[in-house]
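Structures given as structure tokens follow.
Both complexes below contain chain A, partnered by chain B and then by chain C.
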Partner chain A sequence: MLVKDFKKDFYDTLQRQRVLVLVAFDVDALCACKILQYLFHCDQVVYTVVPVDGLQSLEQAYLENAEGIRQVVLINCGATVDIVDLLQPEEHVRFYICDSHRPVDIHNFYNAVQVKLLMREDELSTIPSYDEVFRDDEEDSDQSDEENDDPESGYKKKRFDDESILRRQERRQWNEERVRILFDYTKFTSYGTSVAMVMFESAWKLSKDTNNLLWLAIVGVTDQYVHFKTPRDKYMEDVIALQSHVSRHNQRGSDGESLLSVNCLRISFEEELHLNLYRHWTLFDSICHSMPIACKLRLWTLKGQKRLHEFLAEMGLPIAQCKQQFSAMDITLRSEVKARMQEYMNKYGLENQDIVLPSFSMQFGYKNLLCATDYVLACAASLESLDSSKLQTDNFLLASDILQRSSPEKTDAALEGARAQLRSLVSQVQSSLDMHQIISAGPFLYVFVQEGTADSRFFSQPMSLIRLARFTLQAHCSVTRNKRAQSLPLVLGAPLSLEEGTCLIIGIPPLDTDDERKNFFGKAFEQAAQSTNMTVKCNGFDTFIIEMRIEDRSKFFDALISILQ
Partner chain B sequence: MDPSEVEFLAEKEHVTIVPNFSQDMIYLISGDVGPFTAGLPVSVPLWLAVNLKQRQKCRVFPPDWMTIETLQEKKQAEMDSRFFTEMPSPFYIEITQLLLQCATDDIPRADEIRTLIKDIWDLRIAKLRSSIDVFIKSEESHAKLNFLTLMEINTVREFLTKGLDHMHQLKSNLTGGGMANSSQFL
Partner chain C sequence: MLAEKALDLVRELQRSLDGTLPPYNEDKIRQVLEEMQTLFDQNKDKAQFAAEGQTHLLSAIQLRHAAIRRNKRCLLAYLYNRLDQIKKMRWEYSSVLPSDVKYNMCEQEVQWFNQYNRLLANYMRTLGDNGGLDLTQDMKPPKALYVLVRCLVDHGEFETQDGTTILLKKNSQHYLMRAECENLIRQGILEHIVQ
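And now, the complex of A and B:
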């Protein structure tokens, strides 16, 4: 059931109640959780936050924490599965699901009593209507007639009169139609509006929005774009909507200067250079590790590096300065980098879309200036940090602190982690391409990350895996001579755990469907697993990432090829 | 007294806020507050203003004296005068501290105000110290200082009283003869 009025249907029912909040393990969910926590603080609602990284931990967290709780909020998890069926809650428990995963399970949508969805109505328009998928059973009367018919003969005798034959036929047809409709509906998985954005808009309707919450919404939306969950058009729509909020909160004073204290958060909209982490790194490294430019100029090859040197020379940026920390470059050069890049980019085959991204940056205090994409990368790096001594909840709390901006040291450490991740990403792509590991298997391309390499441990987490897959696909399409490569999807395998011999497989859609970003691999993996009778685990909330044993890989792939052909 | 106790006393001062909710009057032991009407200014104690601001339920107006011009005049007057001048409020430093901490975005040019208040505070404390110095050296028995605020007195209270006690002990030992109990010393 969709929530029509945020305040009446959702927020007021949580007042003076104990609430359990289950949060998925990504930056968008974390931002939405922080917005919700702020609203709870304002109104003094008692709550428990539990991070969950998959369906199993969702179940476990629910079992452990559900004593006496009547209201459960799920953030970025649980919309795609029948939640009432999964968790078997008691009658009086209410679930509020705020999730950007689509398609929403029909049971969640049509459950009027226990499940409430906090989503935008227009995104749920493709859901099948009630009559197509649910049917109040007339069959019971049919069955009982058959039972009563021949009690003496002791066995069920099928009635052969026309009425029941027609009814049975109609029922069969309806069932087939239902299966077809459900298959079409769940074939593609995609993502809706960012949950942080939905939460922010709800806070705005409650008149409790602040600059801090606006920044969290911005980070959530940027996270969706950085991890390739939404197409660029949707991102632009969201950015335009956010821009009006930004100008409302961050007005300039009449004399052009801001009247606010320096310690307040200030957000500004600008067309940012689409170079990852360039303010915290050297310009040269940042260009080499940013996907659009690196792929167009092929910066992992020697020739590409020479072209980059040429590009920098033509722009008038001395190489020695480019290889220094960005903050140590000349002030005049720093301010002109963007203008110069835009001037000379066409000669090197780059477009404006590759270099510049409309985005936001924030500043508080004198030292800390961060743009939204960098912030997302830093948070993602701290959520997926490889320190095996830390629990997952520790990582969650660390990322939460970074979003709170409570300590600049943690942010710096996270930025360092993001840099390490980017470096290993690029070197992995480089080795895949150099050793020609990307093989075309008919309907798709596939590549495996070798076990045991130094970088492979970075890719045992879903978010880095998504970025690696995308980077690999884009890099491959830029070097290959195969014209079809643009329309082929990619399946990538990475080792998960060497002791258990498991690996993670991810499938991403081809590059030319970039306008929609719909992923069909969830269903494809499921069918392949069924046809080969294999045990594959789909632990996370994204169905296009699954876990399986390394030995089963080749069998699975054969099945997948036959399904997709 | 603890500085936090002084701050507690300061929180009884009234400030003007503009709430965004509506509610009837609240009857408390220390006085009545309200009624609250969304959009209309109302005068409430500082502790309530801070709590409401933290819960995003109101906007705080800075007190009349918390402007750059007024504070600059005050600072000039303080610098020119040899004695203490009257402060706009007996709890000026606590009020400034609390408001600038929680309602920074409601107060224009907050950084400059903070600097000015700090300057005024430093001037007054310096004057206090030098006057204590003069007091001790001239061995007077009492002194009168006008317009000191509670927080400023509190900074010297403990040390000054103990120090004077000590000196009294030493003096009485000198004049009182050898039969004084020397175990009085701490």
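And now, the complex of A and C:
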């Protein structure tokens, strides 16, 4: 059931009881969790936070912590599965699901007692109506069957027979219709509003919003954009909503002087250069590692590098300056980079969209000017850190510390991690293109990350896998002569664990449907696995990423091709 | 020089870090006591002659006597300050002291500690309505009733005052009553996260 009144139906019922909060492993969920934690601290609600990275660990975490718990909050997990069926909870347990994954499972939506959904109502309009998917008259049909057995007069019996045949026929039709409706409903997976945003708006309604929470909401929304979960329109919509909050919280005096002290968080809205981590890198490297501009200029080729040099020269940025730390660049050049790029971009086929992204940046004290996209990359890098001496949950806590801004050293380390991720990502894209590994299988393109290469371990994590797949597809579309490439989806495989012989497969939709960001691979993978009777695991909460054994791969692909044709 | 060793003892105590207890220096204490004994014996001999009229000895006797008294003062200061430190530790670590602290105490100090313990426990039992009041908790008024803690090790289940059990698993985060988890924080099972 959808929660209509956040305060009455959700927040007030949680008071004075211990709450279990289960959080998925992504930046958005982490931000939402932080906001919720702050609210709980305000009202002294006792809680336990457990990070979960998949359905299995969700189940385990629930079992371990369920004792005496009556209220469970699920953040960015659980909406797409029938949660009551999965966890088999006792009757008094209530689940509050705040999840951006779509479609929402119909059982969750129509469970009026145990499951409450914290989502925007207008995003759930596609859900089938109750009568279409549930039927309350199942006992009736049983009864009529029984009546048939009664020794009644032949005429009557015949009439009953006719009636029951009719009824059965109608029932069959209804069933077929139901399957069709459900299939249409679950065909595409997509994402709704960021959960951090939902939480922030709730905090705002409770008059408990602060600048800090606002920054978390910004990071959550930006995370969705960086990981290609929401289309640009939706992102812009959220940014505009956030901007009004930003100006409300960061008021400046009449003479342009800041009223706030230097030592508190300041957020500002600006048209940010859409270059990854450029404030913490060299401008040159940053351009080479940013998807839109790198794909337009084909920077992985020699020709592309030449064009970039030309571009920089035309802008009047000396190469020596561009190849040193951005923070050490000449101050006049540094402040003009954006304007000059916008001035000369048209000649190089770049659009405003490729270079500029309306975004936010925050400053804390005199140091640490960070923009939202860099923050997301740093957090994601620390969530997916490859340090084998650490547990997954250690990474979660580390990322949580970074969001807390408790120590600049940790943030710097995370930024370094993000740079390493981007470097390996670009070199992987380059090697796939150079070696012509991207192959068209008819209805889709596919590519495998080579096993055993130094960088391949980076792509055993869902978030970097999503970014790699998207970068590869975009890069391929920019070089290929095949005109259909724009309309082809991409399936990418990456080795997960060499010892167990497993790999991850991800499917992303074609570029020409980019405005929707709807992914049909979840259903396609499921059907392909069914038709080949293979065991594929879908451990994460994104169904378009699956795990399977390497030797099953070719069989699986054959099935996938026949399904998509 | 006279009374040099006694001064060493006091210096040793002063050099030790705040909140630690240096080992009980039995050797040096014995040396100081021996020095006092010799001084005393010398004085006793000379005192007879002085009484017989050799007044020029009197100033030497006075000097030795002053040295004896200084030694005594230093010894007392040494012992008293150690006891003070032990007392502080009782309030900090509750009735069971860490083994390294215990190892540094002499037998009399252990006895004194036990007696002090008993006195304090008896006193605390008489306070409050039922079951007494633990005075050692919340020495300073806490800022918040609840604290955010992070679990550092797999500790297992933990029962809170209201009877619910919480699973303390590594890297889980909990928001708990301060009084309940204060001990676990001291033991290094939980880590207090400052917001």
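Keep in mind that, in the parts below, the second predicted complex is superposed on the first by the 544 of 565 C-alpha atoms of A that agree within 3 Å, B and C clash if a C-alpha of one lies under 4 Å from a C-alpha of the other, contacts with A are read in each partner's own complex, and residues count from 1 in each chain.
Just so we're on the same page, contacts are C-beta pairs under 8 Å (C-beta built on N, C-alpha and C of every residue); 3 or more make two chains touch, one makes a residue touch a chain.
Computed from a prediction, not measured in an experiment: that's the story for all the values here.
Student: Kindly classify A:G68 by the partners it touches after superposition: chain B alone (first), chain C alone (second), both, or neither?
Tutor: In the superposition, A:G68 touches chain C alone.
Student: More chain A residues touched by chain B or by chain C?
Tutor: C
Student: Of the two partner chains, chain B (first) and chain C (second), which one does A:K338 touch, if any: first, second, both, or neither?
Tutor: neither
Student: After superposition on the shared chain, which partner residues are touched by A:V45: those of chain B (first), chain C (second), both, or neither?
Tutor: second
Student: With the two complexes superposed on chain A, say which partner A:K537 touches: chain B (first), chain C (second), both, or neither.
Tutor: After superposition on chain A, A:K537 lies in contact with neither partner.
Student: Answer with first, second, both or neither: which of chain B and chain C does A:Q37 touch in the superposed model?
Tutor: So A:Q37 only meets chain C here.
Student: Quick check on the superposed pair: does A:D394 touch chain B, chain C, both, or neither? Answer first, second, both or neither.
Tutor: Second partner only.
Student: So which positions on chain A get touched by both chain B and chain C?
Tutor: 41, 44
Student: With touch defined as at the start, can you tell me which chain B residues reach chain A in the complex?
Tutor: Residue list for chain B touching chain A: 20, 54-57, 100, 104-105, 107-111, 114.
Student: Hey, which residues of chain C end up touching chain A in the complex?
Tutor: 144-146, 148, 150, 163-167, 169-177, 195
Student: Under the definition above, what is the set of chain A residues touching chain C in their complex?
Tutor: Touch residues, chain A against chain C: 18, 37, 40-41, 44-51, 64-65, 67-68, 391, 393-394, 396-397, 404.
Student: Under the touch definition given earlier, write down the residues of chain A that touch chain B in their complex.
Tutor: 41-44, 207-208, 210-211, 253, 259-264
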